[in-house]
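Several structures are given next for inspection.
Each of the next two complexes has chain A plus one other chain: chain B in the first, chain C in the second.
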Partner chain A sequence: MYRGREGQWAFYLHRISGVAVLLFLMLHVLEMSSSMFGPEWFNALLAFERNPVFGLGLVLVAALVLYHALNGLRIILMDFTSWGVRYQRQLWYGVWVLYVLIGFPMFFTMLGYVFGGGE
Partner chain B sequence: MAWRARRYEEAKRLAASNLELAWWIFMRVSGVLLVFLVLGHLYTRAVLLDFHRDLDYDYMVRVMNSATWKFYNWLLLFLSVLHGTNGLRYIIDDHIASGRARAWVKVVVYTIVFLVTAFGTLALWGWNYQPVE
Partner chain C sequence: MQVTLKILRYNPEKDLRPHWESYKLEAEPMDRVLDLLHKVKWEQDGTLAFRKSCGHGICGSDAMLINGRNRLACKTLVRDLGTDVIEVEPIRGLPVEKDLVVDMEPFFKAYRAVKPWLINDDPPPQRERLQSPEERARFDEGTKCILCAACTTSCPVFWVNGTYIGPAAVVQAHRFIFDSRDQGAHERFPVLGSTGGVWRCRTAYNCTEACPREIPVTQLIQEVKRAIMFGEF
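Presenting the complex of A and B:
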């Protein structure tokens, strides 16, 4: 019923980001819980993950999570308010405004850690 | 007011069972909680913390010896696992037409999710993290 317009994109992006974040969640739980194997294993794993490829992946996951979170709030407004469905398109633009305001400082901070000089 | 009733009524009408309606509500309630939990997690572990340099075993030991963080992480783990797995179930139901294939995909997905969650729960509640001297 959205006919390929904003609502359709919002819907597909929500699903794709959700699946990607679930996949990351599984890997992230395994990775962090493997600290049970002790300091030698865990510190070696973290050293391996200091490759910027993983850092970039982490920023990508944060970017997907933030979209999913903000669009999820849009869905809740559509479900539980009298005006949400009528203004779903405007709400989606609102999602992107918040995305830039919250996301850009966050992503740049993270990129700074990944590519910055450190001490 | 009429619209509000209509949306919920719609969910209620479309739900195949009371269980499906409960999941529909759970997705919204857990969603709101997860917005705060996940953004808090990102803020403390990826913005305040230089995760690229300062995340190591010692940091993990400190987190795992704090009852507050353990509870926070446990809540985050369980809500995100349930929210994510149920979301994936919706997608599987929408995109896999064959009932047999659908059932098998679900068995595989639920098994993996269960094992990973058990591993995470063991780390949170069944392990004693000692500082390296």
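Presenting the complex of A and C:
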């Protein structure tokens, strides 16, 4: 493994999270289109997805979307400002600070729904 | 001090695939990795192949993957690696010819594609094409490039993409695009704006970290992207 620094890992994570979110989106479209076969099919599928495995998957997707979104803002700054590239490393650490601040309350709330049944 | 030098060897006439070989040798902390390679070649195994020319960080012949990062063997001291196990591999993404020697032709092909020379059809003035110090400073970074390929072969996109011209070629294009005397931007655009051009850069910054001349490679690539996007061509 090439011993790149922050920028390399930011890029790899961005690519992996992007592909994972795309896969989720396709699954989601399939899931929604099951309603074409009528309410029985659709409701049965939704009931099946009550399984905590899917709940955990959803938390994972949220975690990946959040990274992709925040690092996407970093990339916009690097692409469109004259200073973004110079501070890319600091920006990446900023991404993780925001990730913890926004993500952790979100993940804990979601996990509460997955395992506690909500409310 | 005693160091172990591990080299990824490959002999196209015998080996199916590259393999690691270890050499134990005495080294001083101030020895360069290039010195260690010479010691192996002169004292232990004369069949070891690697490129070097000036040995002083100017010719750009001896870029190698040393302990996981692209560096010039002649500019890397044993002391700076902070370990007594040193791993040397050929730079990645170019076909290996033997041991640490790679075929640089794809690299130079991309270099030629961006037309790295002054394009200006105006008749030359009596004395010189004048340029202010500020105009000269605009492209100064790119002039430091020694074409060692450390940047291009550290790029994850270059390793897998196959058409990306790579950071070094973009740096060379930048050197002329931002030269006030140059008029060739339109001729360079088809290559830089193509699918194998600057847009393949995904800002992983390995190039900037690897450059032995400390050129802010990613910064220059981004400037070329913006020049294309905002119609400075």
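What we mean here is this: the second predicted complex is superposed on the first by the 113 of 119 C-alpha atoms of A that agree within 3 Å, B and C clash if a C-alpha of one lies under 4 Å from a C-alpha of the other, contacts with A are read in each partner's own complex, and residues count from 1 in each chain.
As a convention for this text, contacts are C-beta pairs under 8 Å (C-beta built on N, C-alpha and C of every residue); 3 or more make two chains touch, one makes a residue touch a chain.
Since the model is a prediction, treat every value here as computed from it, not as a measurement.
K.L.:
Under the superposition described at the top, does placing chain B and chain C together on chain A give a clash or a fit?
P.N.:
Here chain B and chain C cannot both sit on chain A without a clash.
K.L.:
Quick check on the superposed pair: does A:G103 touch chain B, chain C, both, or neither? Answer first, second, both or neither.
P.N.:
In the superposition, A:G103 touches no partner, neither chain B nor chain C.
K.L.:
Looking at A:S33, would you say it contacts chain B, chain C, both, or neither? Reply first, second, both or neither.
P.N.:
Only chain B is touched by A:S33; chain C is not.
K.L.:
Tell me which partner A:G7 touches in the superposition: chain B (first), chain C (second), both or neither.
P.N.:
Second partner only.
K.L.:
Which chain, chain B or chain C, ends up touching more residues of chain A in the combined arrangement?
P.N.:
Answer, by number of touched residues of chain A: B.
K.L.:
Is A:G94 touching anything from chain B or chain C once the two structures are fitted on A? First, second, both or neither.
P.N.:
neither
K.L.:
Could you say whether A:V21 touches chain B, chain C, both of them, or neither, answering first, second, both or neither?
P.N.:
Once the two structures are laid over each other on A, A:V21 reaches chain B alone.
K.L.:
Just to be sure I read the superposition right, which of the two partners does A:A69 touch: chain B = first, chain C = second, or both, or neither?
P.N.:
first
K.L.:
Kindly classify A:G57 by the partners it touches after superposition: chain B alone (first), chain C alone (second), both, or neither?
P.N.:
neither
K.L.:
Where on chain A do the contacts with chain B and the contacts with chain C coincide?
P.N.:
15, 75, 78-80, 84-85
K.L.:
Okay, in this complex, where on chain A does chain B touch?
P.N.:
Against chain B, chain A makes touches at 15, 18-19, 21-22, 25-26, 29-30, 32-33, 35-36, 38-39, 42-43, 46, 50, 55, 58, 62, 65-66, 69, 72-73, 75-76, 78-85, 102, 106, 109-110, 113-114, 118-119.
K.L.:
Can you list the residues on chain C that touch chain A in the complex?
P.N.:
Of all residues in chain C, those touching chain A are 65, 67-69, 92, 154, 156, 202-206, 208-209, 216, 218-219, 222, 225-226.
K.L.:
Of all residues in chain B, which touch chain A in the complex?
P.N.:
Checking each residue of chain B against chain A gives 1-4, 7-8, 11, 28, 31-32, 34-35, 38-39, 42-43, 46-47, 50-53, 55-57, 60, 64, 77, 80-81, 84-85, 87-88, 91, 112-113, 116-117, 119-120, 122-123, 127, 129, 132.
K.L.:
Quick one: in the complex, what on chain A touches chain C?
P.N.:
Within the complex, chain A contacts chain C at residues 1-8, 10-12, 14-15, 75, 78-80, 84-86, 88.
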